[in-house]
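Chain IDs A, B, C and D follow the sequence of writing; residue 1 opens each chain.
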Amino acid sequence: MLNGIIRRILSAIPTLLVGITLCFLIIHLAPGNPATRFLNPSQTAATQEIIRERFGLNQSLPIQYFHWLKQVLFHFDFGYSFYNGKDCTEVLISALGPTIILSFWALVFALSVGISLGIFTALRADTHVDRVINSTMMIFLSTPAFWLGLMFIGLFTIHLNWLPGSHLHSLYYDQLDSFGQLLDSVRHLILPVFTLGLPLAATVFKYIRAGMIDALQSDYTLAARARGIRQSTILWKYSLKNSLLPLVSLLGVIIPALLSGAVIVEVVFALPGVGRAMVTAVFGRDYPILMAGASLAFFIVILFNIVADIFYRILDPRIRNSAGGL
Amino acid sequence: MILQICLLCLNIFSLFSCQKNHHGQFEHSDLYPKNQQIQDGGTLVIGIRAEPESINPLFALSQSSRNIIRLVFSRLADINEDLKGFTPRLAKSWEISTDNSQITFHLRTNVHWQDGTPFTSKDVVFTYQMHINPVVAWDGMAYKQNISSVEAFNDSTVVFSFYENHRSMLSDAVEGYILPAHILQNISPQNLFTSDFNRHPIGTGPFQLNSWIDMQTITLLKNKRFYESGKPHLDQIIFRIIPDNFNLLNQLKAGEVDLVESIYPKDFQAIIQNWNHGHSDIRPISYLGRRYDFIGWNMIDPESYRNSIDRGESQDAIKYNIQPNRLFGSQKVRAALTMALDREAIMNTVNFGMAVPMNGPVSPILPSYNEAANIVWEYNPQKALKFLAEQGWTDSDGDNILDKNGIPFKFEILTESGNLLWEQVATIVQAQLADIGIQVTPRFLEPALLYGKLLPAKDFDAVIIGWSVGLTPDFSPLFHSSTFYTPFHFTGYYSREYDRLDELAKTAANDDMAQKYYDKIAQLLSNDLPYTWLYYRMECSAVHGRFKDIIYDRRGLYNNPEDWWIPLDERQYIDKVFKK
Amino acid sequence: MKILPQKTQTNQSMTSGCITIGLVFIFLLLGPLLTPINHTSQNLSASLQPPSSSHWMGTDYYGRDVLARLVFGGRITWIIAIASTFMAVNIGTIIGLFSAYQGGWIDLIVMRLVDVMLAFPKLFVVLLIVGLGASSTSLLIWVLALFSWMEIARIVRSEVMSQKNRTYIKSVRALGLRTPRIVFIHILPNVLGPVIVSSVLLISTIILVESSLSFLGLGVQAPSASWGSILNDGRIDPLGTWWLSVPAGLLILTTVIGFNLIGNGLHKQLDLKKIV
Amino acid sequence: MNSSRQKQPILEVNNLHVEYPVNFRGGFRRQKKQAVNGVSFTIFPGECFTIVGESGCGKSSIIDAILGFVKIKTGTVLFEKQDLTKLTPKNFRKLRPKIQPVFQDYNQALNPHQRIEDIFRETLPKHLLESQTDQLLSSVGLSKEIIRCFPHQLSGGQKQRVVLARALSVNPALLLLDEPVTSLDMSVFVQIVELLISLRKTRNLTFLLVSHNLSIVHLLADRVAIMKNGQFLEQQPLTTLLRNPKHDYTKNFINQITQL
């Protein structure tokens, strides 16, 4: 078991390396020079060279790459931002917080809404309620996230003035008591979490509903029913367990989707997350931040793939017990 | 991104007067009735679109960084509204030696850095050393080229010595914010760009940094040690970073943000409407700013330029022997293109009235501006066609596109992607030139790409961009032949007449003489048309009405932040909620 | 051809999807009849007019007719989505077939590559490339295709893997047929079903990614237009200039829903478990 | 049968070892499973050699190994004196029509997207297509109406007849029958077995039959090998085996037949 997990983790390392190398090439081979930002009319060639040297851009690409890799692997040092000279690790760690909070709650929201509505509608397949919920979910699945976000802000922030439409906290957050702070954070999170979570909830819903309907019509469920086992037991022990399984592997798909979605949501709602840091870095050609962000995104996605794999193996008896499995 | 043009020389003795500016209605200061008692306290929330890169005067480039630096740091002296005199800041007074080779500054003795260390002449000398250090690569290094040395006479006296007697000596000397020697001398210049100081600055300005939450807020608190007693009046200034324009404006409307700069003209119109009808407390503020937009024509042939560079020809040989551009090498063609554009319609469409026409190189905020000196190419498509026909461009094959020797009149016009105004201009230019049979393809490039194509390589046909100007006229980085290879001289313009006038204007004994040459320069350039000037923009800002005594003019909005205040009866929740 | 189980009669999802897409398609095809105004003709004095009888959907900054632009932009959106899906499907199918049929090390390496590319959050990396390279419509199509083929490749591979060991493939191999013939004549038609389903769904995804890019200012660049970029024109003031943001948003929504419905319908209809 | 001993063997399998990699997700190292563990036998023209054993004992792997669908670890497979394991893929492909398999699962044995007529179009020469197809179909007892059908429109017995016709279309010398009738119902079973017997006579075919179903073994086999865990327990002519089984395992099998 442990052996298998270690092997799975080791096998992810080449994936990670190839991915990071690809990122490096994409970023560094793209046309345009980050040092043009610092141009000014009196700038001499010598000054331009100094600025290039400051960023290590005067070296050849392979040297830049191996230097970068060495720093990352041995010192966990992603270098300094071209834009503001900040330590990339610091930038990302501080940006990771909001992204994690946002993604976590969006995931919780998506799973709870998706699973409960999925079960609810599967039990009422082909009724009016099912059709209404199904179509609503279809709409959320098909809405561009930014448009949803803008419409939410328009409705709930501007029109109704119920919820704030930007940032993580109010300006006077520090002046509030602890309950007030909690309330303040929750109010700020509602719209972004909805915006990010609704399309995901729709995805989860789709899988659960289909899985549940399949499971409810399957021979083992029918056989269980014939044996007189209680409906609720059938539902929880037989159907749900089997329809949750694909969800675990869906996790590997959801995480990249979450990160992509977070980019948009963070820009629309002015949240200080990784996505926004990356958008800023793309426009400012901030190579170190781009590299650090891409590596981080990569790492997270692969990590979750491994976790999903391991869970899958633990949960699925077919894999668990097969020869050579875990 | 708008690139900065430095103030290479400053007209201290100019004959400028306020009445001379016929756009006076845009430049006014809204002073609160003086009989009111000024009350301390309150919070100002400023909404900005992007996170400032650094609060270190040596590295700040963006407008929001510069604004924060204005609040945290001080200079020796600040320029006055008349662009003539200077208001003393860290320097109490100064005198110029009789031979015009030295300026002696007498510093204030009651100034402390925000960490409590006293400010002395050592800081001024250290700052100068940082400014001229090539490793630091300060973007204002050119100001200090004429300074031969800076020496401390004693703790409160500094002597600046100059190589040549220029009219700009004083402004060159006071340019740049003074840095704390006692902190920065411990950091090697190589590591300065990544040092912690950039995010935790210590200055002598009216406000000091309290906290900086990444991509969210930067909080400045009143500097209790500020050298002007009783100031500043506000308790704190918070910069709130809101990248999405929709969100930013709504927070302004909702009163969560008090001050926003660079508002899109269309949104600004709505703010004016609401203010005029008394629907809102958001006061629109507009003044002639520093920015103008233009179309730059590439006057040389990019390919022959590239080939000459590749052949390693001497710089002079290239300059004199370069082939003119097949399209824009001719002045008549450039004039025709200028006349084919309804520049007034362009100006009004993209700026919603928040701009003034511009026809020549001198910006309207400068004392040396003289509208009459420019040659104005009015909108006249017929005449444009005539000019083009004279140059051999006619529609001989009837495909509605002009051609000459079988080559159609087609070109690409570049501009920066993400700059809404320029993208709009490009779209309109395309449509208007299509009307006279010229096929234009707009291409929107990301800044690093655009400036990479333009500034070193001169590899383009035409471009729509803008400059941000300094408070003195200086066009040599743009048009003088000595700057042919520096980045900003991208049109490849070369004229001996211009070189002569430029040098005469710089070395003129007094401003009267200089004015004569500036008029000639304006006439020459507005005739030669290396640029087609489109319009000069007005800055559109808005601030909540409760803030009083904000002086805004052509210098900008941050002229007297230490004087801003809020009357007690207009205070809001945000002004009271913060515990001291 | 009746390889499908008899489930065709009651496939609501398919029907409503086809109707939706059909309506949008007719709108794009016959749109120019609705408005005589050219989508490029500017009228600077009639800028940002709300809907009226002369301009049913109002005008944009340059006084251009928004309805005409929606038709024109919609065509671009569709072209981008369909072209990059087409390319992605081709790339994915060929790589999937090749990888599965070759097996061994090649398969291992190709599948690692697929893992790597799937691990990229799509918007992230498209953002990176489109942002760093100059954005043009053809680059956009290429990049979208290059980062969308992996799922197709995976599906094709796993289908081929399962088909490859079926006895009919063994049988035709035993007949002495050449490998390309086996792959293209015998295997490919049997894996097309799931490929069609996922490529229809891919069209939706690509429309969403393209509009997100346009929102970030990196998608289709003016003077060309897509629904995403028209929506982005209205982004400065989404409520004030609702005639720019709302119809474009709704059209994106409708199209994506339509393709999703068709995809779901096909999925049901081609219920592939029952074919073999 | 005795006479066949003097002939050259058509197929000679010596000390065959086959192992399968066991795939598991994500890992680089693969574990191996021994499927065939040192099997040798010889088949002479015209004879029906039968391998009997429980499912999973490795019978089908022998067929896959002869057809070159699995990698042989050690051992040789000589077909008409040619070592199949040493042939280049191209030469192997040329030789393939001589050896044709018939598999158990008739549902999977036909391409669901191919009409019956198209199956024959792949191997038969164009000018003879129609006549030969007719002839083949009638030789397996099918009417020619079915040629426009897709496989899912045929019954199980019809499918298996089509499979046989397809195999015969390339004029094979050796048919590898892997449980050819096991999935068919009883009446069809008998028809197909009768068809096999008659085809063997008319076309002078050699059979390698693999089955765990002893009725068909009884009807078809000349010699029988009993297989367990990848190895042959014993190899005897059918009559000898029935009279004098050596292993207990074999006895159990034979008891089953007598009970039938």
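Everything below uses one rule, namely that a residue touches a chain if its C-beta (ideal position, glycine included) is under 8 Å from a C-beta of that chain, and two chains touch if they have at least 3 such contacts.
Not measured: the values here are computed from a predicted model.
Taking A-C and C-D together, the pair of chains sharing more C-beta contacts is A-C.
Comparing the CA-atom centres of all chains against that of subunit D, the greatest distance is found for B. Subunit A and subunit C, compared by their mean Cα positions, are separated by 22 Å.
Rounded to whole angstrom units, the spacing between the C-alpha centres of subunit A and subunit D is 53.
Averaging C-alpha coordinates per chain places the centre of subunit C 47 Å away from that of subunit D. Separating the centre of subunit B from that of subunit C, both taken as means of CA atoms, is a distance of 45 Å.
Residue positions of subunit A touching 2 or more other chains, listed in rising order: 31-32, 150, 158, 267, 283, 285.
The residues of subunit D that reach two or more other chains are 28, listed in rising order.
Residue positions of subunit B with contacts to 2 or more other chains are 246, 418, 446, 449.
The part of subunit D that touches subunit C in the complex is made up of residues 28, 64, 67, 69, 93-97, 99-101, 103-105, 107-114, 122-123, 150, 152-153, 163, 166-167, 169-170. For subunit C in complex with subunit A, the touching residues are 112-113, 115-116, 118-125, 127-129, 131-134, 204, 208, 211-212, 215-216, 228, 231, 235, 238-239, 245, 249, 252-253, 256-257, 260-261.
Chain contact summary for the complex, subunit C toward subunit D: residues 1-3, 108, 166-168, 170-178, 181, 185-186, 189-190, 275-276.
Residues of subunit B that touch subunit C in their complex: 245-246, 249, 264, 266-267, 270, 342, 345-346, 348-350, 417-418, 420, 423-424, 426-428, 430-431, 442-446, 449.
On the subunit B side of its complex with subunit A, the touching residues are 1, 3-6, 8, 45, 50-54, 59, 61, 134-135, 137, 139-142, 190, 193-195, 198-199, 213-217, 238, 240-244, 246-247, 250-251, 254, 256, 418, 446-449, 451-452, 455, 477-478, 483, 486-488, 574, 577-579.
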